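Next up: some structures, all given as structure tokens.
Across the two complexes that follow, chain A remains constant while its partner is chain B and subsequently chain C.
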Partner chain A sequence: MLENFSFRTIVEYLPLFGQGLVTTVWLSALSFVGALAVGIVLCAMNLQRGWLFRTPAKAYIDAVRATPLLAQLYFLYFGLPRLGFVLPELVVGILALSLNSGAYVAEIIRAGILSIPRGQVEASVASGMTYVQRMRLVVLPQAFKVTIPPLLGQAIVLVKDSALLSLISVAELTRAGQLLASDRFMPAEGFLTIAAFYLLLYYCLKGLATLSGRWLGTAGART
Partner chain B sequence: MIWQQFISLAGSYPLALRGIGMTVVLSLISLVLGTLLGFGLGILRTGGNRLIASVIGAWVDLIRGTPFLVQIFLIFFILPEFGIELDAFTAGIIALTNLAACFICEIVAAGIRSVPTGQVEAALASGLSRWQRMRQVVLPQAMRIVLPPLVGQYVLLIKDSSVVSAIGLTDLTRVGWLVVQRVPNGLLVFFLVGVGYFIVCYPLIMLARRLERRMGAAHGEVQL
Partner chain C sequence: MTKTGMIDFRGVNKWFGALNVLKDITLSVEPREVVVVCGPSGSGKSTLIRCVNGLEAIKDGDLVVDGQRLGDPATNMTQLRTEIGFVFQSFNLYPHKTALENVTLAPIHVRKTPRAEAEKAGRELLAKVGLADKVNAYPAQLSGGQQQRVAIARCLGMRPKIMLFDEPTSALDPEMISEVLDVMVAVAEEGMTMMVVTHEMGFARKVAQRVVFMDAGAIVESGTPDEFFSHPRTDRSRAFLSKILRH
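Moving on to the complex of A and B:
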């Protein structure tokens, strides 16, 4: 049993956990911004009529969704140096998370845009609006409402996925737990503590998703 | 140069086969166990007993709120402290089954809740037992809602099985990691690893999409 559970060691390592938590938060936030950028571009390509932009976007989204993040991470980690890009692990990690989540974000935004009834678009065409006006004034404001809860769900997934970066030795939260586990042979203290920190982040984001659902008058997020 | 790498890669095919075998076995066992357990939990979650339902809800939340990597470490390193000796394979199966069961539980519960109460009341009025009600009235109707996300969940499970490489199981991803130490071409090696997963996952993704369309149509929803 865990009769030797040492809270003292946890307190001793608290600064390390704190740093890990902060790193996890900001690298997830940065990756989420990256994912939004990737997702918007992919979605715009995917909604084109011509195949020239659509096919590559669809292929990319399918390829990302059908392979594990860990394999994608190793692909970049071991592959980029071969192309002449020697980047720090942290940058590779953020890149991998952005490119991975971007594919899911693209699908979320697309679902949001397609959820706008056809009549709305037709009415704005009839009112003589240009494509940009139609998007900006009619489609996007309504789509925004529908996309926020699932986007927050994706943010939760992203924070959890960021734990995999510990496997390419990025000094984030999970890495801090691993360090405690291997330095002091205290896996229980290390991993239970980081699990608690991840739960904290999870409940914060989940609360935010519920609140946003209430403000926007849509159903709560599904994670 | 690239030719030599191909020869060298071809030489490591026994390792690759072992990795594919491991990924398939891990996914398959935890898929079956996770589905059974998930359906059981999902039925209990909507079964009317508040205490059981909230205990299951809390557990599902714990599992959904923590990274899978951390769950694997917890199971692999901490269960032995409770006197349960585990090898990496068993730990991997337990972690994957638990994860699948929790997500499937939520999917099944959502499906059951979607069945109109009138159906259950009619079944009650016809004198069907609890078990008959579930098996003959509720579950068949719930399956329409359950099936598409269930298939999607299987894709997630196969992908998540790659994370067990962190506790030293030689699955497909781990094989890629081992091979790349000898053949220093990460692009090629992990492209091939990706192809391996893609061959299994992509048809499943297509199936999920198809099911979603068909089930949507069965519901009489208008496709835009």
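Moving on to the complex of A and C:
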């Protein structure tokens, strides 16, 4: 079976895969930063007492979680130009991933904040701290620690989701696999190679998660 | 002008849903007075002291603390809380901060004390509660008794006028209770105004001027420790005392 498998072609296409990998890495990184920004804003809205901010945040999070990323991507890619916004594919792609992942990030951060025991808030209230002080000094530093592992999990999901951008002709990793598949009619070589690269990215992020866990675990273990 | 105590409850009521958790409470705590609050579980004693610093809001009646009426728009609750230390049953130390940082956090950020000064005071306070060697320890590295002593030092770091203790020894192993009570006795002897929810009769006899007995949300009996422990006046307080003194 393997006699038909052309390692030579893979090597020949390696520069293309390399470029795709680099694109996937930086656009995922950028999207993740965007997702963090979107997530923090959504979470802050969602934690307000009044409905004015909370309702739109909840509606947004539900809408994003209930619909396929592909549909969201197509909406932005094909729908936005009809509404008068013409953006380059890459920008649309990063926007879609940020807006999509942001909804999940918002829920991760919210869970982190809500996981902080009530007594922590009471202790800081009792010492005369304002809302901003107790968030900054007591709640968020602790929430940050419990949030890192699930956030890295979301980053892994985001990297894999970025494959969908190949469908709007962004030259990322999956797109490189598609090119090899269609140019030479070698789908096995093309897609197996990109799978290997995604696996590599996965292990990098997982290693980062382990490292951060060890680093965060040293100071101030939770009681 | 009527004479007011440091903490003045006048006809205070509070409900949790349909449950009347504080029933027409009238109680005045004088400056430098130590009042021990006891009573069966669910009698409202924790709720009573949690109202004093506004962790719980009262429904009606007046509660005046350090001359300021709670719930009054003119009362700055955040400001008032800096004058009131609160010691929790479960310590509630900040797990991501060392013992010293726990003590200095509010003085630095709330009182705006310069860091060096706050740290000097913090070290002195930790030494005072017998933890000079645990300055850089995290709460998870301390025993329950040590954590509670840090929590007391954390309150003292704010130089409060009032200290409230909500069952400070109930979550402790028996052998750690006395180290915490010793610190509380020292604080009381320095003239702190204190309200202490506890069943530690030894502590009450030693430093309390008054014991208040609560049952079902109401103050049933109030008197000096000697009167209360030796000659309880009501059936409910007698029944309660017989349960806690039996062993």
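Observations, loosely collected:
The rule we apply is simple: the second predicted complex is superposed on the first by the 216 of 223 C-alpha atoms of A that agree within 3 Å, B and C clash if a C-alpha of one lies under 4 Å from a C-alpha of the other, contacts with A are read in each partner's own complex, and residues count from 1 in each chain.
Convention: a residue touches a chain if its C-beta (ideal position, glycine included) is under 8 Å from a C-beta of that chain, and two chains touch if they have at least 3 such contacts.
Given the structure is predicted, the values throughout are model-derived calculations rather than measurements.
By the touch criterion defined above, A:167 lies against chain B but remains apart from chain C after alignment on the C-alpha atoms of chain A. Look at A:65: by the touch rule set out above, it reaches chain B but stays clear of chain C. In the superposed pair of complexes, A:28 makes contact with neither chain B nor chain C. Contact with neither chain B nor chain C is seen for A:98 once the two complexes are overlaid on the shared chain.
The partner that reaches more residues of chain A, of the two candidates chain B and chain C, is B. Look at A:126: by the touch rule set out above, it reaches chain C but stays clear of chain B. By the document's definition of touching, of the two partners only chain B reaches A:192; chain C does not. When the shared chain is aligned, no partner comes close enough to touch A:46: not chain B, not chain C. Across the two superposed structures, the residue set of chain A contacted by chain B and also by chain C is 117, 223. Of all the residues in chain B, the ones that touch chain A in their complex are 62, 64-71, 73-74, 77-78, 81-83, 155, 158-163, 165-166, 172-173, 176-177, 180, 184-187, 189-191, 193-194, 197-198, 201-202, 205, 224. Of all the residues in chain A, the ones that touch chain B in their complex are 1-2, 62-63, 65-72, 74-75, 77-83, 114-115, 117-118, 160-164, 166-167, 174, 177-178, 181, 187-188, 191-192, 194-195, 198-199, 202-203, 206, 223. Against chain A, in their complex, chain C makes its touches with residues 53, 55, 78-79, 81-82, 84-86, 88, 90, 92-98, 105-106, 109-110, 138-140, 154-155, 158. Chain A makes touch with chain C in their complex at residues 117, 119-120, 122-130, 133, 137-138, 141-142, 145, 219-223.
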